[in-house]
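What follows is chain A paired twice: with chain B in the first complex and chain C in the second.
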Partner chain A sequence: MERLEEDLSLGTSEEYKDDEKSIFSEDANIDNPHEYSKHENLQTYEPKRQPHSFFYLGVSGQIDSGEFNNRDGIAIKYDIVKGNRWKLVKGEETGISQHGFRNQGASKRIVWNFPFEVIYSSTNVKEWPQIVLYGSGKDFRGREVIEFYGSVHVPTAPGRHTRYVRLFQPVTSSIFGKFLGWIKGNPASYKDAPNLIAKGEGREVTRVQSGGLIKITFQITQRNLEKYGYKTTSSDD
Partner chain B sequence: MSNFDTKEARDKRIKDELEELNNKLELDLSRDDSERDYQDPQRPIRTKADFKPEALFVGQILGADGFDNEDALFLEVIFKHGEHWKLLALPSPIQTHSCYPDEDGTYVFAHPFEFYLTSGSIHGWPKFIIKVYRLDDFGKIDAIAYGSVTLPNSAGTFELECSTWRPMGNCIDESYSFFLGGPPKLTTLNPLTRDLTLRENISTVSSGNIHIQCDVILKSFEDLGIKTS
Partner chain C sequence: MATPQLHLIGEIKSAKNFESNRLFCKWEFKYGKHLTVIDGNTEGETFEEEKPDKETAFYFDHPFDIHFKVESMRGWPKVVVEVWEVADDGKYFIAGYGTGTIPCSPGSHNIEIKCWRPKDQTWYGYLRESLLGVRSELATKEMLLSSMERNLFESETTGSITVDIGIIAKDFELYGIKLS
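Right after this comes the complex of A and B.
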């Protein structure tokens, strides 16, 4: 099988080149559990050679835009937090976007249009992945300071989804602490950042106020979840 | 059978026995799992454990609005399920951070939760019982509203809205609570879901709404004939 060269290549051309392998070759690549052998459905059940019952979850999408009341020049950083059974197959779990500024008009919308794509494989649905978002801006001396936090779970149903995430910012307890934080470029921030935001334990003693609203578009692809009995959409058929 | 068979009789006997054996073998073959797999290649071999229904509730307590308050609020959320349900992980009590409202009166909690349960009955579908607390400028904490909401029972993504109320006292109690804080509270949470007959004796005042986003994954409910959508 030969693949036509595309002009807009998404990465190095080595990634997308098919290996010279016949589809009827021996399923000798059983060591790589993610290898898709096209005739796996016709195999007989042999417990010693059956690969694990992995299912795959592909999460792609982009962080579109956001609105903050009176702050400008915000960059969004994301972190994907998941259980330890989930293995990353492809993609990057963190990313930092550009600093976005509003347009000159009256609209408060800041546009990042920052795409992400990850593929996970797991054997159990617990500890479903979440995306933790941080909003950071530059202070009066040019230092990068993280001010806003928020999180959203990756949607469980396959298909296209839009989520509006509200961010919050921690509030310092005293006016003097706030002033000192402003001078040093070090306002109130969370110490154990992704886990504290994603798990929610330990946040009881903090005080926050509402920060901004961010629009994220998700596109979810699943493989083998229904085969192992998990139902993620209610069908209308 | 005589030992002195003719050759044809012996041949016939051997042929009959062979045919019988063949039939037996064919029956065995059709019961082989590989044969079944070939007929329905999409279904993997399933054991008894695959037919135990499981449900995963994943989501966030998004926020609240509609409370005419300028003080900070925080929520305590209790996850309640029937006796035939079992949590597959340690239960974690949910208490959110305290949030100050913005100009529209919306509070942002963004508190993620995840509950993974096996079920033995459709009775006692899980629900949240929510207590809303107010933290004022002097550091005093008061429970100002109560509410309960049942989690969705079909797979997919849902936005739930839980409306809340608080008990109302006589006019002395109400003016006390207006000027000094300390509204009338429930002594037990039983009137919420456990013992609804207690609600005949109380009057309540409406309060704001809590917004919750919940994603649900169900396993093996449909295999047992339970239809939820």
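Right after this comes the complex of A and C.
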């Protein structure tokens, strides 16, 4: 069966038979940036040598559920924001969930169970990816309006993590502004949303009120970070 | 040889058990002279958040991503927080000072910084605060970081700030340093 996607496999069994191959074998596909041979995978960390390949970070998980104080019918949109050295290898960086309504009983919990899975490759750990969340609901005229914002860093240690993210709403300072926003279907919103939320710049002059609390489960896998000398966890392998 | 590098990636997560309903937090990472910041902001201010009475905690979720070059183990970073509350008439009062030490071992950590604020415990000080609205602040902030004498003033305990932090360390083993 022909593999149409990029082949990230660790090498077939034929390569193990020939011990005299050099690191850069002739039939290596140098044009594929994710190609590397198994020899490099087995080498120990050498600080002066630049590794031939990237390191990979696999982020998978789901946006489980959330609790909002007095709102219902919220859809969650996520966006993964990262530095420009990080390249997306596989997966979708953005997605919108369904409009979730809570159960008619007493519980305030809205469940989306919205999965995401991305794989990134990079050469430097800085500007670690963050997930920015937007919560949108329909206003009284049926228009889709983004009202809530929140963000969290993707966890740095491999394994399973649960994070609770607060979604907040910006507050307009005047009552008239709030009324206008309600009429036009355009409540106070951020003009430069990804920078303000993900980078945390300009937060000192804004006022917010809390909207809801979202639970996200992450499953983090890493590959080759130790070849670059990075230690992300204390447990020994 | 490669110099050890340290990445601190995380959020100033939440503030718990403070009395006020409107709060913001000024945070700063303080480090010794042998550490150099390569990238990232080491200080900032969170949102001013107002919460309804029935919730118990404020969630700031203020992100930080700092890259250090480390040349000595002395002066490992600490995070210093000042929590300010906003009274109903819009005046700012200090609600707590706190210092938290950043852990050394790589991985995901959650640190809780318990905060205090200076408060005169005599009846005279109590009257001044409740009738005249006079609140104390610290004049010199260096005492938050060092173990120098704190001049024997009185303080009371307020709430706590939690920080979610992920630590990535590079090349410390080349110098024989064990971090975990």
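Methods note: the second predicted complex is superposed on the first by the 190 of 237 C-alpha atoms of A that agree within 3 Å, B and C clash if a C-alpha of one lies under 4 Å from a C-alpha of the other, contacts with A are read in each partner's own complex, and residues count from 1 in each chain.
By our rule, a contact is a pair of C-beta atoms (placed from the backbone, for glycine too) under 8 Å apart; a residue touches a chain by one contact, two chains touch by 3 or more.
Bear in mind that the values here come from a model prediction, so they are computed numbers and not experimental data.
Chemist: Assess the superposed three-chain arrangement around chain A: do chain B and chain C clash, or do they fit?
Modeler: clash
Chemist: Looking at A:Lys90, would you say it contacts chain B, chain C, both, or neither? Reply first, second, both or neither.
Modeler: A:Lys90 contacts neither chain B nor chain C.
Chemist: Quick check for you: in the superposed arrangement, does A:Arg143 touch first (chain B), second (chain C), both or neither?
Modeler: Touch partners of A:Arg143: none, neither chain B nor chain C.
Chemist: So, does A:Tyr228 touch the first partner chain B, the second partner chain C, both, or neither?
Modeler: Both partners, chain B and chain C.
Chemist: With the two complexes superposed on chain A, say which partner A:Lys199 touches: chain B (first), chain C (second), both, or neither.
Modeler: It touches chain B and chain C both.
Chemist: Which partner does A:Arg166 reach: the first (chain B), the second (chain C), both, or neither?
Modeler: Both partners, chain B and chain C.
Chemist: Identify the partner contact of A:Glu127: answer first if only chain B is touched, second if only chain C is, both if each is, neither if none is.
Modeler: After superposition on chain A, A:Glu127 lies in contact with both partners, chain B and chain C.
Chemist: So which bits of chain A does chain B touch that chain C touches too?
Modeler: Comparing the two interfaces on chain A, one with chain B and one with chain C, the shared residues are 69, 125-128, 130, 150-153, 155-157, 161, 165-166, 168, 171, 198-200, 203-204, 206-210, 228-235.
Chemist: For the complex, give me every residue of chain C touching chain A.
Modeler: Contacts found on chain C: 1-2, 7, 9-11, 14, 24, 38-41, 44-52, 55, 58-65, 67, 105-108, 164, 166-174, 179-180.
Chemist: Would you mind writing out the residues of chain B in touch with chain A in their complex?
Modeler: Going through chain B, the ones touching chain A are 33-34, 37-38, 41-46, 50, 56, 58-60, 62-63, 72, 74, 88-89, 92, 94-102, 106-108, 110-114, 116, 135, 154-157, 213, 215-223, 228-229.
Chemist: Which of the residues in chain A come into contact with chain C in the complex?
Modeler: Those residues of chain A that touch chain C are 47-48, 69, 125-128, 130, 150-153, 155-157, 161, 163-166, 168, 171, 198-200, 203-204, 206-210, 213, 228-235.
Chemist: Across the complex, what residues on chain A touch chain B?
Modeler: 41-45, 53, 69, 125-128, 130, 149-153, 155-157, 161, 165-168, 171, 197-201, 203-211, 227-236
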